[in-house]
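Can you read through this structure? Questions will come right after.
Think of it as A, B, C and D in the order they're written, each chain with its own count starting at 1.
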Amino acid sequence: MIVVMKKGATAAEIGSLIARVEELDLTPHPIYGEMHTVIAVVGEAVNVEPEMFLQLPGVETVTRIGHQFKLASRQTMPEDTQIALNGTVIGGSKLVVMAGPCSVEDRTQMLETAHAVKEAGARILRGGAFKPRTSPYSFQGMGLKGLELLAEAREATGLKIITEVMTPDAVPMVSQYADILQIGARNMQNYGLLNAVGRTQRPVLLKRGMMSTIQELLMSAEYIMSNGNYRVMLCERGIRTFEPMTRNTFDLNAVPLLKQLSHLPVIGDPSHGTGRWDLVAPMAKAAVACGADGLIIEVHPKPEVAISDGPQSLKPERFAQLMRDLKPLAQALGREL
Amino acid sequence: MIVVMKKGATAAEIGSLIARVEELDLTPHPIYGEMHTVIAVVGEAVNVEPEMFLQLPGVETVTRIGHQFKLASRQTMPEDTQIALNGTVIGGSKLVVMAGPCSVEDRTQMLETAHAVKEAGARILRGGAFKPRTSPYSFQGMGLKGLELLAEAREATGLKIITEVMTPDAVPMVSQYADILQIGARNMQNYGLLNAVGRTQRPVLLKRGMMSTIQELLMSAEYIMSNGNYRVMLCERGIRTFEPMTRNTFDLNAVPLLKQLSHLPVIGDPSHGTGRWDLVAPMAKAAVACGADGLIIEVHPKPEVAISDGPQSLKPERFAQLMRDLKPLAQALGREL
Amino acid sequence: MIVVMKKGATAAEIGSLIARVEELDLTPHPIYGEMHTVIAVVGEAVNVEPEMFLQLPGVETVTRIGHQFKLASRQTMPEDTQIALNGTVIGGSKLVVMAGPCSVEDRTQMLETAHAVKEAGARILRGGAFKPRTSPYSFQGMGLKGLELLAEAREATGLKIITEVMTPDAVPMVSQYADILQIGARNMQNYGLLNAVGRTQRPVLLKRGMMSTIQELLMSAEYIMSNGNYRVMLCERGIRTFEPMTRNTFDLNAVPLLKQLSHLPVIGDPSHGTGRWDLVAPMAKAAVACGADGLIIEVHPKPEVAISDGPQSLKPERFAQLMRDLKPLAQALGREL
Amino acid sequence: MIVVMKKGATAAEIGSLIARVEELDLTPHPIYGEMHTVIAVVGEAVNVEPEMFLQLPGVETVTRIGHQFKLASRQTMPEDTQIALNGTVIGGSKLVVMAGPCSVEDRTQMLETAHAVKEAGARILRGGAFKPRTSPYSFQGMGLKGLELLAEAREATGLKIITEVMTPDAVPMVSQYADILQIGARNMQNYGLLNAVGRTQRPVLLKRGMMSTIQELLMSAEYIMSNGNYRVMLCERGIRTFEPMTRNTFDLNAVPLLKQLSHLPVIGDPSHGTGRWDLVAPMAKAAVACGADGLIIEVHPKPEVAISDGPQSLKPERFAQLMRDLKPLAQALGREL
């Protein structure tokens, strides 16, 4: 921790800071500059929030050194985490594509989509049975019935299933059906839910909140991991900015940065990252080009009648075309699809 | 709903849009402009998301008309909602101030703070027993023990209690102790939690998420109200922007705008809105000047040792000074403190 | 400057950093922590950008200590700057209100508005003769003819004139007419223009860019002041955020923060800060409540036919009502209007 | 234009809106919905800002239909603009890479960099002689001497030159040396400067402002083009968001969106888009993958002593590696490097 004193801080103020640091069993190293005195604080103390020093007289700024995530950090585990799911490995050299509709709507829609995305090369089927909707008057998902349809589609195709879980008490039920539990962007800091999925052994896809920093995303992964579940994937799905022409701003910088900072697999979501089907293909390619380990893409047989996320859903034939285009791209990057 | 067709949309495209609209039992009104054809769609259909039309060929934009919040809207209920709490009325001409520490830390801290804020004129005591923290390694709150200390402070001072609830299953327990349930910024779109507090009859203070629009805040109030609990207060507590010198950007525009759009009381939180104790007093005054019905302010007897939010907590004497300064200001605005 | 080395930085890396620091005639103070080595660098070197150290091997972060603004800093000049303009003083205990239309449109409009705002208590008349417009096809202002109409309105009412200057070469001409030169938000970092107004002795109102930090605003003031013109006012006029219901987010936190950091007067612009006339009055009050030294407000006799900024312009009678309401508010805050 | 009236707007209010529309020689089409009356306005009137209707009683919202950019629009010119520069074509199937230091610092640095980037396959040499710096105390560029060094490097290598111009009066001088004029992010809405470069016939690289929308970028291109200079390239260089780990958020969504909306070439700037050299290579690949026509990349022989932008500059050998990696990627996308 680095404490910078204000210009003209008095000896008494500096002394009282040093005393406080020593009280906490930390070691102060004062450096007397021309303008500012700086105190470097060495040692680590549980439950010491650097910010508390800001209230001492004469203190200008306090800066924490190093990151707070430990289990998610690449410094802790230098090798890439690989998550195996009966034959599919997420985080290896092979890219993994998850695809399917935003919401599970009915049996025909699910089976039709499942067969189509499998055919095109997807390994995992997505579909929401519990939907976080801005309005209480919007469709909230089919619930248990939706989970059953997902299971039926898995049975029919062999695809693995990813679906969202929204409340801690639903975790056991959803885990019975899902191969991967999805934590949605709005729930990235729903700590009760993070703890609950952390206590299962199901792989978790953790979506970045639409206004969450990369550091906060990693801290939320840390919540899950510190409960014992290490099989976490990080998902960049766009952040909220001032730009109105796209639903979100797809922050692809996060992809190589997360790969640097963490050993966890990183998945790109160009559907939410753009909000427009006509941008999904180019941005899926961009996500792969900057190092994503996989993609999650919304596909719907009839986007024009989709109950949710129609504008960002690809039709099956467009998805198939994208998969064909991704193949040579993956190769040029030294990966496979 | 207004559908704007692309320049050069064909008659077939326009026809297929019109057909789709009629299929949904809505009435299309096409207007043929020089550049664009526009179709105004009259009628209301449950479960029709305007966005679905974006996937039809030739469609450029779709715009919803009117707001989606109903119960929270001032058009539905033109008079101000007033929330009575044994003698204290929130949303009337008298300003209500809630004050206390970020976290309940121990008995002495709570009782000392409770007496001090009461003395200064606060009506409601705040204190967190369950704390949403970015890091799983930070102090997570005292839990039930913290609730008991809050209750003891209420007993000792007669102040009402506001405290945060974080998970749906904790709602019954927290409701036993709290006079007002607080939904924190990170949980503004935790719909399971909104539904759970909506099923109680406890007043709810709903904080705007740091990434949430004013419209979304009102939709989250709608979740609570549509469950039957109409006693909701809206709280502006700062949003996240690019400015690094303050913890958040206190969006006071939201205060008069929420008063216009909704009948619910609006509370300002200058502690989180700024993140710096030295800005709390001026911004508390600003919140009152633009029409807030009350304030929630962090006060700690020793901010320099506070476990959380020390940098934005006022010492009791500074809080008392602020309360003295607010009195003439309230009068000049035709209100009382 | 504080340099934090990566975990596991080698002795060679630390040594090479130290060597580089000494090469620049600065003094390194290494502190060896448990995780990270930190090097505090003492001394000041012209043309050393701290960021350059980021390229040395083993360096994790570099942090500058202290602020870069000097002439604008309150540490340099602890007393408030007061700008006197024949009887009106900006930055003293008396609030100064500037009012008038967005654009000068014609003689009747200007004279009518000038008389009305004077009557209501404004001291300074605003009006744009050169208009920065997003579209090259929009009205670009009346130019010289507009300046003449402003001068005529000054003659007729005794009000002082503020008007925007957009290019360096127009500074001499605009200075002949204007009592205060306005630098618009889009030009806050137009350094050629800042230098040009810095070489005059006309007072300057410097508007914060819609994308600019508080630190950058002060650095732009520094450009003007370092050219010799010390009569600078800082203006908060709203920043761009994700919130779509208001044109800008009025960042009033900036007002008390600028007053702390700088001795320069601070003016609030609730017209641009909100973009909606129905929010102007409450936010004008809020700006005064948190310490603004004055206000700049758009007033138009017929906002519904205004060529620009109609939606945020007050009618004269609403402006007069606001001025009446501000009087007791100013008094309650220990100021006058 | 679409005008939505408030719920409960009176017949008189609707009548007065219709009268106003007809006054402006536009045609109103009222549609009477269940909740809201909507008036679609057909026709185009010069100098009518839709926003002015917001001031009429009973009006809730006003929405413009269609885009305001014309010359830059793909609807106006469906084919890609190709800018030829003695053998190099920007906007064709071949990607064009511009590379070089942030600032021109001295003769050796320029010549060494020029030879290195040419060797690696760059076609255009970048280097700043006039530098927009946040602080007036930072290095402001070598000026004319810098331009001469750029010309010397062109002579020595055959590379074309791109360099920034900051003020209207410097345009003739800079045009004598530069093959491409760069408008920096801070000057994207410096309309005097846009007009000045629009009056030359030099190709212009127009950088998106760090908080400018895609629509505003296109409107700024429109300023240049409406002056007669059609050879404009659009450059995405990162926008400002809340994320602190990167200097900017590289908004690659803008790349395919600009290609859809406009016929102008689009260039990606991963150096400013990330601010970190270790993210430049993956994000350069991402920019190419989503459709950029070229890249502009900062390269410096010794980034650790660069006067500006050292942290985001690549060393020549890393740049050469990136160029080698881009080759198969370009091929996989059906392009060449």
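By definition in this document, a contact is a pair of C-beta atoms (placed from the backbone, for glycine too) under 8 Å apart; a residue touches a chain by one contact, two chains touch by 3 or more.
Small disclaimer: the values here were computed from a predicted structure and weren't measured.
S.K.: Going only through chains that touch each other, what is the minimum step count from chain B to chain C?
M.R.: Each step joins two touching chains, and the minimum needed here is 1.
S.K.: A-C versus A-D: which interface comes out with more C-beta contact pairs?
M.R.: Answer to which pair has more contacts is A-D.
S.K.: So, what's the distance in Å between the C-alpha centres of chain C and chain A?
M.R.: 38
S.K.: Using CA atom averages as chain centres, what separation in Å is found between chain A and chain B?
M.R.: That gives a centre separation of 26 Å.
S.K.: Quick one: chain A and chain D, Cα centre-to-centre, how many Å?
M.R.: Inter-chain centre distance comes to 30 Å.
S.K.: Which residues of chain B are in contact with two or more other chains?
M.R.: Residues 211, 240-242, 244 of chain B touch two or more partner chains.
S.K.: State the interface residues of chain A toward chain C in the complex, per the touch definition above.
M.R.: Touching chain C from chain A are residues 2, 4, 7-8, 29, 31-36, 38, 40, 42-44, 60, 63, 65-66, 75, 211, 240-242, 244.
S.K.: Which residues, counting only chain D, touch chain C once they are in their complex?
M.R.: 20, 46-47, 49, 51-56, 68, 132-139, 166-169, 186-187, 189-192, 209-212, 216, 219, 222-223, 226, 240, 277, 303-311, 313
S.K.: Would you tell me which residues of chain C are touching chain B in their complex?
M.R.: Chain C reaches chain B through residues 211, 213-215, 239, 241-246, 249-257, 260, 273-274, 278-279, 282-283, 285-291, 328-329, 331-333.
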